[in-house]
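Chain lettering (A, B, C and D) follows the sequence in which the chains are written, and residue indices restart at 1 in each chain.
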Amino acid sequence: MSVTDRKAKIGILGASGYTGAELVRLLIAHPHVRIALLTADRRAGKPMAEVFPQFAPYPLPVLTALDAVDWATLKLDLAFCALPHGTTQKVIEDLLARQPALKIVDLSADFRLTDPAAYARWYGHEHFAPELQQKAVYGLTEIYRNVIATAQLVANPGCYTSCAELALIPLLQAKAIDPGEIVIDAKSGVTGAGRGAREDMQFAEVSEGFHAYGVGHHRHMAELDQEFSLAAGRPVTATFTPHLVPMNRGILSTIYVRGLNASPPDLHAILLKSYANEPFVHVLPFGALPATRHVRGSNMTFIGVAADRVAGRAIIGSVLDNLTKGASGQAVQNMNVMLGYSETTGLEQVALFP
Amino acid sequence: MSVTDRKAKIGILGASGYTGAELVRLLIAHPHVRIALLTADRRAGKPMAEVFPQFAPYPLPVLTALDAVDWATLKLDLAFCALPHGTTQKVIEDLLARQPALKIVDLSADFRLTDPAAYARWYGHEHFAPELQQKAVYGLTEIYRNVIATAQLVANPGCYTSCAELALIPLLQAKAIDPGEIVIDAKSGVTGAGRGAREDMQFAEVSEGFHAYGVGHHRHMAELDQEFSLAAGRPVTATFTPHLVPMNRGILSTIYVRGLNASPPDLHAILLKSYANEPFVHVLPFGALPATRHVRGSNMTFIGVAADRVAGRAIIGSVLDNLTKGASGQAVQNMNVMLGYSETTGLEQVALFP
Amino acid sequence: MSVTDRKAKIGILGASGYTGAELVRLLIAHPHVRIALLTADRRAGKPMAEVFPQFAPYPLPVLTALDAVDWATLKLDLAFCALPHGTTQKVIEDLLARQPALKIVDLSADFRLTDPAAYARWYGHEHFAPELQQKAVYGLTEIYRNVIATAQLVANPGCYTSCAELALIPLLQAKAIDPGEIVIDAKSGVTGAGRGAREDMQFAEVSEGFHAYGVGHHRHMAELDQEFSLAAGRPVTATFTPHLVPMNRGILSTIYVRGLNASPPDLHAILLKSYANEPFVHVLPFGALPATRHVRGSNMTFIGVAADRVAGRAIIGSVLDNLTKGASGQAVQNMNVMLGYSETTGLEQVALFP
Amino acid sequence: MSVTDRKAKIGILGASGYTGAELVRLLIAHPHVRIALLTADRRAGKPMAEVFPQFAPYPLPVLTALDAVDWATLKLDLAFCALPHGTTQKVIEDLLARQPALKIVDLSADFRLTDPAAYARWYGHEHFAPELQQKAVYGLTEIYRNVIATAQLVANPGCYTSCAELALIPLLQAKAIDPGEIVIDAKSGVTGAGRGAREDMQFAEVSEGFHAYGVGHHRHMAELDQEFSLAAGRPVTATFTPHLVPMNRGILSTIYVRGLNASPPDLHAILLKSYANEPFVHVLPFGALPATRHVRGSNMTFIGVAADRVAGRAIIGSVLDNLTKGASGQAVQNMNVMLGYSETTGLEQVALFP
């Protein structure tokens, strides 16, 4: 059966959060798939339009409790898991017991770390599904496209990590920067924190202000360590400080690096060449740094390189929309690869600016 | 020649403003057209990506000065005019002299008023192209679809007016509300003011605040008067107060009306029936009022009706994205009708929320 | 003992909310008082700087549980109650049982309605302290200054109501407007909803959008009815629709009225005369409407009157900062009157704009 | 004559900009001074309330053209210069020719650099008033209080520079950090760009987005170089990248440093000790980093120090309000020192949060 014969049946587990809604937004416009399942335990029984009124004009399944799904009848082709960290690993293990051939893109952090010891150290407990952990593939499509194509379980990367990794992996692979001298000063909009009510995410607590958080101990560091070390072929521990910007969407990472026999223009040339044929990574002209607003709502990453006035140092800017390329767009990109569609299908939306 | 034989050649006059950029965003994703011309006098010679970096990944014509266009060679199928009020009428007259069969959707206010006297009264001078003024068709597609289909020059409605007219025209036509007792309290995001630098539109002048403007003398009133009077079959002068909201996109009109032998549920029923088959107007369940964020970046209008606690009065809420359904999306909808495409082509984008 | 002999001892019950913090901000700079008590049950034992870091440089009492207060030893001169609606009435009754001469300014809605039947109708239960309800004085200082001076319990008005009442009471008293034809379209920043975590007040749910809420049944209507009816000498039921603006502070009420043998300039003249000597109400020149940003953080109300283009109708704009003149500033103003200080003491702060 | 005998006569040159308005806000509440002159060439003849409506309730001089001032009659005690960079040096030279004893606090960059060669290099021309340049004192009060006390011309520091210098000068003086390894990632609200209309400062260009600017060549670097080199006793060239935050007020500098025989807690201890008696610098507990919102509208700087997970590195956060401690509050602090008032007079306002 070819992909054009019928639409693939897709489920979204955890459809009442922001990444769930972003998946719905993208999949409604995707020509080869049909949303066949939306789960949301606390909102079970409600129409999606009650939780996200922007979907009122579209026919969508009613929200269902995860426990109430009849997997055998439903026969999904692929499920997106947009559930909380920690609980996801059990859900997926259970799901695969019921439907062993199901393909899954998991948007939680549960399967991103391949090393069980690293997982235990960063999350404070042994992994609940260690065998699955070994099978999962890290879903940064630009880097792992080939293994994603045949993977059953893809661990979609974190938003901060995608943003920094796309900028740095080619430079580390080329041994063009000093792996011991990386400072990532990252700034994110608020949707990265999810939809659940939190006092520190109230409008009045976020607007008209700016602050750092998670200084010295953010869990995305574990992912950075894993991927940077793989790319560099040696252990890498980068400095990483996340900040909260009073905006909904977008991450900008300002990255300070030191060239190794490579000038800032050399670094720019490496990135330009690495991404010459990538549809979702655009490298700006040398000296220009990107703005988050120019990728808002799109699946694009914009990367720029400029020379620091301190000799030997370069300043790299990398931006993406944390809900799109940083989460749900990336997940759809992975789905396209896993189901054999053109990688850009359903992801051609131009950024919404202003 | 059928529409599927080749892509129509489209020009955008005034591509460096917000409505121009919104046209580009929508047309890039439109399957039946190709952007063949982008003009911007002050930015002539520059790539569009320099003016709006979000378009860097897409191939687009370089910005051209209007005077430098070789119309004979270019042979556009349709041009969008996104030029300033007042100068547009001369530009279009000149344009049609050079290419008499060109179809045009004009996004300025120049051809919205059909009465020369009304134009002169509101704009302070005689119309410069009175013959064209008589030929122009008012481009609120839901109301004037049939004449738009065969029109050469369509005057795209104003953003405030579309928002209020879609809510009130069916009620006035049905004589279900008192035409002498209409209060429209309208609130708009900042992009309605365009991109040009203005002190009163600086971030620090707009954020963390709210105010009314143009009280008692906003030019959109002329359009409201024209269309409401037509719908009611008698002169209508509504109270209309615009306000500025610290947000980029969106208009919400809170409209206070008095039923004429019609209860608030009756008013709701009339709107529900009027728009039952309209793809871009969604009427909420009775009692629910809409939010601008649920139509952001989409071509949708959401309308809600609630009962006031004062007997006989209803409160109507109407929202749209001023750059999409309030300007460029509406313009593309008109283009689809004028060129014989399905009316929703290229306009299926789901709202971007959050 | 004169007020200058010693500083009055002040308590704030409910210091961990926004109105509590605003009281602290104002009282720190007040020359005649000393903050002797801050209560916050869930945060008891913590320093105020942990809950509101802006107070770190100032010496303040540690937060205490309400039950743990030793009232006899403390001997407050006056307490501000910034506790939730519904529970406040019991707390105050209990408090006065322990310290019968204590003066209280209550910022909740519990004592604003003087009619027990109205209270029961709007709040769904009989008042728990009906005797106190009869003694409480409505704390709109500009209108009730004389009775406030000798009151023991002052019910600080609601933010929406203060904004509309200051604009309309003089006009109703003068019988200059039709009491049956009042439409109040009100817009508020988010801090009116308090600090507690709510999904609908998250940054991403509020920013870049605008919507109405509580249509037809907002509890502030009860207060409006009471005060407007008193002013007009007949029952008044105004139309009132609140909206949420993506900003922290500020309310703007756009009020549509119909003159009774009074032109818009007549209405303006009445307001100008009424407030000629009021330090906290400023009437703009005729035709100008106010912006919330110009009263941000100050105790000022700005009121403007413009003519509608519909003959006989006027548009009135009224703005205040919902946390200052709409809550805590108003409360301090009442305290000044109750304790015999100059009414403006500690309230001279100029608005913070930009 | 003692300072309490009469109020000092103060002039503000350039009162129609944001730093001018902030000076007015602070001086209105200052007990020892009187605003006797407000200049604004383009707005000459207008009342201040027309340019900044928040001042409508206060008596203030009408705006005057600089050329129209009769200095001999006016006899100011002190003038604040809030004029554009480049033109200020001529204005001040001329001013001192007319009134030789006038004290001046200049808020432009014209007199911040003491080295004529550095000035020429960064600003592209020789200084127009080189003799005055040599007399001017750098106005970071915490560091230069003693010389400010007797200075006639004080060059108020830049907002970015004050923020970074207060955090780093004590550490450089103590030789506790490596002067060759300083990365300052700075984020500012929009008011730092002034009030003049600029396309890139329009609300729609700034909101819902984040970007870096001036990468590698921001003029504040010259000031940083001067002051850091002085503090370290050797040339220091720090990496410095400014970013624009969608907020009105506030700067946060995230500073990455490497200790020299000093652990992060050692660095914290040095700052704590340095600022133990400073009224306007508050050092947070070790491990806590500050937020801009907690100093909004106040003259405070909050500084925090945390350990990086990379051994030997520390992350320092420093925040101030760019219009207050970063400009006009700092200027008033300098005025207090120059005129012999208590340094905190008129600057006690608590931060406005939320």
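We adopt the following convention: a residue touches a chain if its C-beta (ideal position, glycine included) is under 8 Å from a C-beta of that chain, and two chains touch if they have at least 3 such contacts.
Quantities reported herein were computed from a predicted structural model and do not represent experimental measurements.
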Item checked: Most distant chain from subunit C, judged by the mean position of its C-alpha atoms -> A
Checklist line | Chain pair among A-B, A-D or B-C whose interface repeats that of C-D, sharing over half of the contact pairs by residue number | finding: A-B
Next item on the list: Could you please state the distance in Å, as a whole number, between where the Cα atoms of subunit A are centred and where those of subunit D are centred?
Entry: 40
Check: Between subunit A and subunit B, what is the separation of their C-alpha centroids in Å?
Finding: 36
Notebook entry, point to check: Counting in whole Å, what is the centre-to-centre distance of subunit B and subunit D, each centre being its mean C-alpha position?
Noted result: 46
Item checked: Sites on subunit A at which at least two other chains make contact -> 18, 189, 191, 204-205, 207-208, 246-249, 290-291, 293-294, 296, 353-354
Check: In the complex formed with subunit D, which residues of subunit A make contact?
Finding: 183, 185, 187, 189, 204-205, 207-213, 215-217, 221, 237-239, 241, 243, 245-250, 252, 254, 256, 287, 289-294, 296, 306-310, 313, 315, 317, 353-354
Next item on the list: Under the touch definition given earlier, write down the residues of subunit A that touch subunit C in their complex.
Entry: 18, 189-191, 195-199, 201-208, 246-248
Checklist line | Residues on subunit D engaged by subunit C in the complex (per definition of touch) | finding: 18, 21, 24-25, 28-29, 52-58, 191, 207-208, 248-249, 279, 282, 284, 290-291, 293-298, 300, 302, 323, 348-354
